[in-house]
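The letters A, B, C, D, E and F name the chains in turn, as written, and every chain counts its residues from 1.
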Amino acid sequence: MLYNIAVHDMALGDEIEGFYLLSAAQQRTTNAGKPYFTGVLSDRSGSVELVVWDFAGGVTPEDNGKVVKVRGKVSEYKGSRQFAAQRFRLADANDRYDPDELVPTAPIDREAELKEIEARIASMADADYRRMAEEMLRRHRDSFLRIPAAKSVHHGFVGGLLMHTGSMLRTADFLAGQYAEVINRDLLLCGTLLHDLAKEREFDFSPLGLAVDYSLEGQLLGHLVMGAREAAALAEELGLPREKAVLLQHLILSHHGEPEFGAAVRPMCAEAELLHLIDMIDSRMEIYAETFENLSPGAFSARIFALDKRIYRPEES
Amino acid sequence: MLYNIAVHDMALGDEIEGFYLLSAAQQRTTNAGKPYFTGVLSDRSGSVELVVWDFAGGVTPEDNGKVVKVRGKVSEYKGSRQFAAQRFRLADANDRYDPDELVPTAPIDREAELKEIEARIASMADADYRRMAEEMLRRHRDSFLRIPAAKSVHHGFVGGLLMHTGSMLRTADFLAGQYAEVINRDLLLCGTLLHDLAKEREFDFSPLGLAVDYSLEGQLLGHLVMGAREAAALAEELGLPREKAVLLQHLILSHHGEPEFGAAVRPMCAEAELLHLIDMIDSRMEIYAETFENLSPGAFSARIFALDKRIYRPEES
Amino acid sequence: MLYNIAVHDMALGDEIEGFYLLSAAQQRTTNAGKPYFTGVLSDRSGSVELVVWDFAGGVTPEDNGKVVKVRGKVSEYKGSRQFAAQRFRLADANDRYDPDELVPTAPIDREAELKEIEARIASMADADYRRMAEEMLRRHRDSFLRIPAAKSVHHGFVGGLLMHTGSMLRTADFLAGQYAEVINRDLLLCGTLLHDLAKEREFDFSPLGLAVDYSLEGQLLGHLVMGAREAAALAEELGLPREKAVLLQHLILSHHGEPEFGAAVRPMCAEAELLHLIDMIDSRMEIYAETFENLSPGAFSARIFALDKRIYRPEES
Amino acid sequence: MLYNIAVHDMALGDEIEGFYLLSAAQQRTTNAGKPYFTGVLSDRSGSVELVVWDFAGGVTPEDNGKVVKVRGKVSEYKGSRQFAAQRFRLADANDRYDPDELVPTAPIDREAELKEIEARIASMADADYRRMAEEMLRRHRDSFLRIPAAKSVHHGFVGGLLMHTGSMLRTADFLAGQYAEVINRDLLLCGTLLHDLAKEREFDFSPLGLAVDYSLEGQLLGHLVMGAREAAALAEELGLPREKAVLLQHLILSHHGEPEFGAAVRPMCAEAELLHLIDMIDSRMEIYAETFENLSPGAFSARIFALDKRIYRPEES
Amino acid sequence: MLYNIAVHDMALGDEIEGFYLLSAAQQRTTNAGKPYFTGVLSDRSGSVELVVWDFAGGVTPEDNGKVVKVRGKVSEYKGSRQFAAQRFRLADANDRYDPDELVPTAPIDREAELKEIEARIASMADADYRRMAEEMLRRHRDSFLRIPAAKSVHHGFVGGLLMHTGSMLRTADFLAGQYAEVINRDLLLCGTLLHDLAKEREFDFSPLGLAVDYSLEGQLLGHLVMGAREAAALAEELGLPREKAVLLQHLILSHHGEPEFGAAVRPMCAEAELLHLIDMIDSRMEIYAETFENLSPGAFSARIFALDKRIYRPEES
Amino acid sequence: MLYNIAVHDMALGDEIEGFYLLSAAQQRTTNAGKPYFTGVLSDRSGSVELVVWDFAGGVTPEDNGKVVKVRGKVSEYKGSRQFAAQRFRLADANDRYDPDELVPTAPIDREAELKEIEARIASMADADYRRMAEEMLRRHRDSFLRIPAAKSVHHGFVGGLLMHTGSMLRTADFLAGQYAEVINRDLLLCGTLLHDLAKEREFDFSPLGLAVDYSLEGQLLGHLVMGAREAAALAEELGLPREKAVLLQHLILSHHGEPEFGAAVRPMCAEAELLHLIDMIDSRMEIYAETFENLSPGAFSARIFALDKRIYRPEES
């Protein structure tokens, strides 16, 4: 009997006991009228089909996104691995397992990233933008450290928003120096920090922190409008001058670039233009990075939905 | 000497004294180096070119949109009428003239329209939506009675927003009955009342109340986002349930229908869908009405920019 | 044994005899080489998978859209109900069943709707448009009472065209009053009545009256061009003045609004503009109504093909 | 004194008497209050500005498109030639001039072209399509020989439709042979002959035969729908089988290829597809030919509106 | 036992031995853990599912596109024919079979087509363009005779490029005569010959000559850019004047017409415009021809991906 | 008499002698038949209208873009300054003036920028890409130091290409570090250096080095295709591996991002994606910088053609 081995390493014939994440759960009935249960088990290393033939209840399709304890054997079905569980129950408060092992997590040192962001905020010369940044970070700190930046397109893992924002801030800081003639560094840094914070309310999250679907506000308002509204309210509270408050909202509202890509308005100042392009760069590069994980050098990917094209991984990159 | 006659009625050779609106003002110099002044005089009946040869100062191009007192004679220049003023000064606090004669005004009884709107609000069954409507109307009452609904496309006259909103509310009420199965009448009426209120801050207005240009917020945020923000704040203040607050914001944010026409999100509930179509109907019908004013029956208009097409006025409509 | 129970009410284990509509019929062969038959049985309440293991012939895939008599038992297959028939034959002239029970039908009183339409026509002041409307209705009366307005998008049930047209006429009449300055009520009402009449020849219909596919003319000419041609011919016959005949054709040809949505020309008069928007309103509201039938309050639908978006059903609409 | 010299050859200082076409006519008043008259004189060789200082009436702006008799002198104004007329009147029934000298005319032998078309029709094997072609040509013969194929884009001269159709028929005949496997020659030839015949009613024509503007039917129905309607009526009269009548209408309705370019339906049979492409070829080649008339070898044209691009004339083509 | 019978003619129960093309090959494992092999067998007449239950190795999924020798029996599985092979191995150098029987091949006399093309080249008056054509044909002769013009859209068979080019050259020659005023026949013919030659390097080909996927250069550069580059290099080598070299490249680079359809630049000379339209005609007509092979007269096809529409095959074409 | 004062500083009444750049030159005739000459004089500081009443010849409109020596007086005409020249001739080889004073020039130290670029190339680890970069720079050095990057949109001044490329290389180097996981620094740097080098042949340049119009190759081939071709030829000469040669061409061909913006292919590798976005950033930021030169803080610009929108310059940026 093996314990808690990574899903990626499960081999035909292995007998295993451990904690895994449940998804795609369905309760079904055999031709003979007997209930059985199917679903998918996963951890951060991968996923495997689950079947529970002698299903005695205690778990339902509503438990998708929760952790289960299983005991069983790896077999094969139609060319894929299948985990046939003899024992199957929800994990409870007494169980011991590491949640971070069960979901994909950003490949960075999250505490260090946060410190770097805080140092960058502290370096802002404009007190208005600096206070906005500090206070927004204070209010969102917990979710900012943990939530993904998307459901699946890119950065769809725990800590994704932190990784995405930290990376963009580094680029923003560099480009603010490169184009100091037209760019207000503090406005750009503050807008970059704030631009996606409202994703916290755009999604409904699973117990382990992944985005499972859009929330009511996420669908009907969108994170751009929600983020701009929060920025406006805080700017009022902190007494920012009118123009600064408007510019910050504008950066948030326009960071998708064009209306057909979700921008509420098109970028009309240099910092908004740049924020949009920095966002494009970081999201595109992450899509390449995530695609390369499953792509051999010298090969083309399948068509990538978010890009509407195939991409190529050079042999010697 | 004629006094305050309508611009439309000025005839070649008339000597006139009166108050008119100044626009397109430019101070220039003759080849001989003498300063002179040109511009346009208008009232609600039409406009005429202005020239002041013996210009002694006291008016500048910054006075566009203000009222001037002129005395002079109507002549002709390159086939058009031209008002050559001998006397020319800004109107001041002691002058007596009727501002409503100087700008185009909605062809309705504004007080009656407002009463009908208030009665319609009072008839709303849902106390949450009714209180939202009442309070928003209370806060915006003055501007709501007076501001245009646009710079020029349609309803670009004093009282235009009131006329546009009142007309849409009548249609909304009718259609809420027609489609009672899917439409919540109170949500639709409330969203219709609120949808354009933020135009108050989208434009800069001339002293006499016309929209002369977009404001900073109007350009960088837009009246949809500003309107949704105000609705959200008031909904919080009044303690509306979350869904109602979100739906009202959604109606405001989506009333332009598609992102390429300015919607921050696409309509996703039946009331938002209907509000958008009612807005289309009222703005289109007004464009036809305003075009017909200068179009003979049986003729085609020139290309209308807002519609990107020519329109036809039937002989017997 | 149960008789003619609604498909929606069939439960596991029920033994049933009755008349149902056959679709998706396929004759197949088991691994053992034995013929069997599969398809779908439906009535206006819903549908269920059909399987006939001991298939003795007498029904073929060409019989799709016809009524069959079945006797059998409700079992389950892959999580769905399946009707396993022991007896299976086409209904014939001697069988007694109510066709209206077997297909979805407009949820209105069709006779009353027709009377209302006739009264509205009788109220038209312009004798030319009134005679056009009366004569077209006289010629199309039978199909107008019965055919759907579409294959599936909206109003795809028996009586759908009548329901759609009646509803649009009510709105047209209201808006003709609201915008009397630019709208000729009689032209608008007449165009509304005529706009979809040629759907009678756009589709091939099943024996029970549903639209099963586009006809040759429907594909190669479309109902807009066919409808305009019929209107032109009748206008000539009745001696309508040239402009009226052209305007009526124009309303029919342009009622889809934009060429990419099927309009042969863009609307260029106020009545054509309005007819298009009224058509949009009625079809959109019906899509919401039909979607709500299978959508819980507080939930989002799946993506709706005809709208290219998901829609939301509020909790308290 | 020179008589009736070509406008292209008028030189500074020439004194000239002759008949020319009047356009852009305007009656105006000098600063001194004296009436004068301006406009443009043209013949098939070119055009020149007209001014009549001592204007004594007898011609009005409504006479645009008519022939005038002038006597005067060629001078220069702002760098362009200007014809200053001392005598100026409308041509009347007693005047002798050659209308074909006054308007641009197709550079072909029109009688020979018509004979070739008739021979091609006579060669059609399918009696139905042949009778359609013969009868349509019989009915439209006069206008077919004379009208332009457009206002200005291409073939905008007398005989333009004949030249365009004749050229397309030659190509159609060749390609019907090339793709005999999928193309019905007689359907393609008949559709090609008919495709633009309704241009006769799409435009209002000047007395000398140029298209001056769209007619009411031209704007509200378009020549595709009008042409299809006439074909349908004649097909009925001649008793054509249903499919042939539908296909002919389809070719006419779809010959602009895509809805955004004016097609009422997209081409769905091989002949319709080919007709559209042949129309593209002939209109494009004529645009090149007309552009080359004023373009030196080795040079690029200005942006051509109908193509939305500049074109190049090779040095050695 | 039947030998090498056409796949199209295989009937249930037939015992067969022969050589066929292998594709879609997969090695799999039964529930019982036994290896088996599935794939598709095809020849130019059609294809059939393959299963090898007692799979002893010797063939792998990498052998897709190769020829195999099989011996087995035709059975049925889920309504389709299935070839169950008892013997199964790769064909080797000693085996005797006709490759042209195994892949679809252009329905033309390839040697005759080539001769006609050579004669047309020989007839070119301009020595520069003629030498370009002769030399390019000399260098590409082998592949030109054999490769398809596409993966699947049209002309996706052995000899497809030759058939496509030959057909286009005939049309080009005809139209060069028809539009001699603006078209340089030799430039057009030379550009037509060259336009697709680089397809030789755009695809990876299977051993029997079909295009199986895009090559690295095909994806990252495209056949337009590769073709233009080769033409430029040869033009330099042969000492063509600058304008001729540029024009030839331009024809190749622009022959897809619009950037969204793959053109590197839009056509800007008459020959480029015409080449694009001739390419459209030949590819469209071939799509119709290939679709008609499986479409009954009087029927509509399913939606064709490359055209984004259904097409109709007339009853009497 | 003032000598060679900056055009920007010319004041009404100044008498001036000096060397300026001539453009918009036209030779005209007064009503009285006397020849005169008009045009525009400019230097790097601005431009002024020119008129030469007593024109004695010696300069023609073909001399646009050349330097002239003028002597005259600044007056005013229709509200603008006008330079009325008494003496007027072309500058010749004996004249002494500084060409860099006469045309706008990049606001950078060009020698230092070039050194930084050379150092960056020298730091490349991959010998293939480094040799490509070195050799291309060696071949293009002269034009690279001098030509503008565009006619007018951005960087349209002497040294513009150098400034644009140098700035992009700094950003590319930074981002290659930031995204080292997916980006090959040497490929990105090499592609960045090469991406616009073919602009040298895309334009025709004036004697002082501004781009006056597209060249034949520039219009018919474009700088992307020309640049890729040169890179391919050099890669062959230097013996680069196939993949590296293809990737470099791909970066050049795709750097405009989308076909509708001129890309011959869409970016399909990470470096191509990034190069496109870096190009966007640098060109957009330069458009903002150039617009800000004539825009007050707190104001909106007029609509900018290249961006299809207005932009805002914040008060405190």
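For the reader, a short list of remarks on this structure follows.
As a convention for this text, a residue touches a chain if its C-beta (ideal position, glycine included) is under 8 Å from a C-beta of that chain, and two chains touch if they have at least 3 such contacts.
Since this is a predicted model, take the numbers as computed values, not measurements.
Common neighbours of chain B and chain E, listed by label, are A, C, D, F. The interface of A-C is repeated, with over half of its contact pairs matching by residue number, by A-E among A-B, A-E or A-F. Superposing the C-alpha atoms of chain A onto chain F requires a rotation of 180 degrees, rounded to the nearest 5. Counting the residue numbers used at the interface between chain A and chain E, under half appear in both copies, so the two copies meet with largely different residues. Set against the C-alpha centre of chain E, every other chain centre is closer than that of B. With centres taken as mean Cα positions, chain F sits 63 Å from chain C. Once the centre of each chain is set as its mean CA position, chain C and chain D turn out to be 45 Å apart. Touching two or more other chains at once are residues 216, 219-220, 243, 247, 268-269, 300, 310, 312 of chain D.
Taken chain by chain, the contacts fit none of the simple shapes, being neither an open path, a ring, a star, nor a full set of pairwise contacts. Remark: the chains found to touch one another pair up as A-B, A-C, A-E, A-F, B-C, B-D, B-F, C-D, C-E, D-E, D-F, E-F. Note for the complex: chain C touches chain B at residues 167, 170-171, 174-175, 178-179, 181-184, 187, 243-244, 247, 266, 268-271, 273-274, 277, 280-281, 284-285, 288-289, 292, 298, 300, 309-317.
Interface residues of chain B facing chain F in the complex, by the touch rule stated above, are 26, 28-29, 31, 33, 216, 219-220.
The touching residues of chain C, counted against chain D in their complex, run 216-217, 219-222, 224-225, 228-229, 232-233, 242-243, 246-247, 249-250, 253, 259-260, 262-265, 268-269. On chain E, the positions that touch chain C within their shared complex are 76-77, 79, 300, 310, 312.
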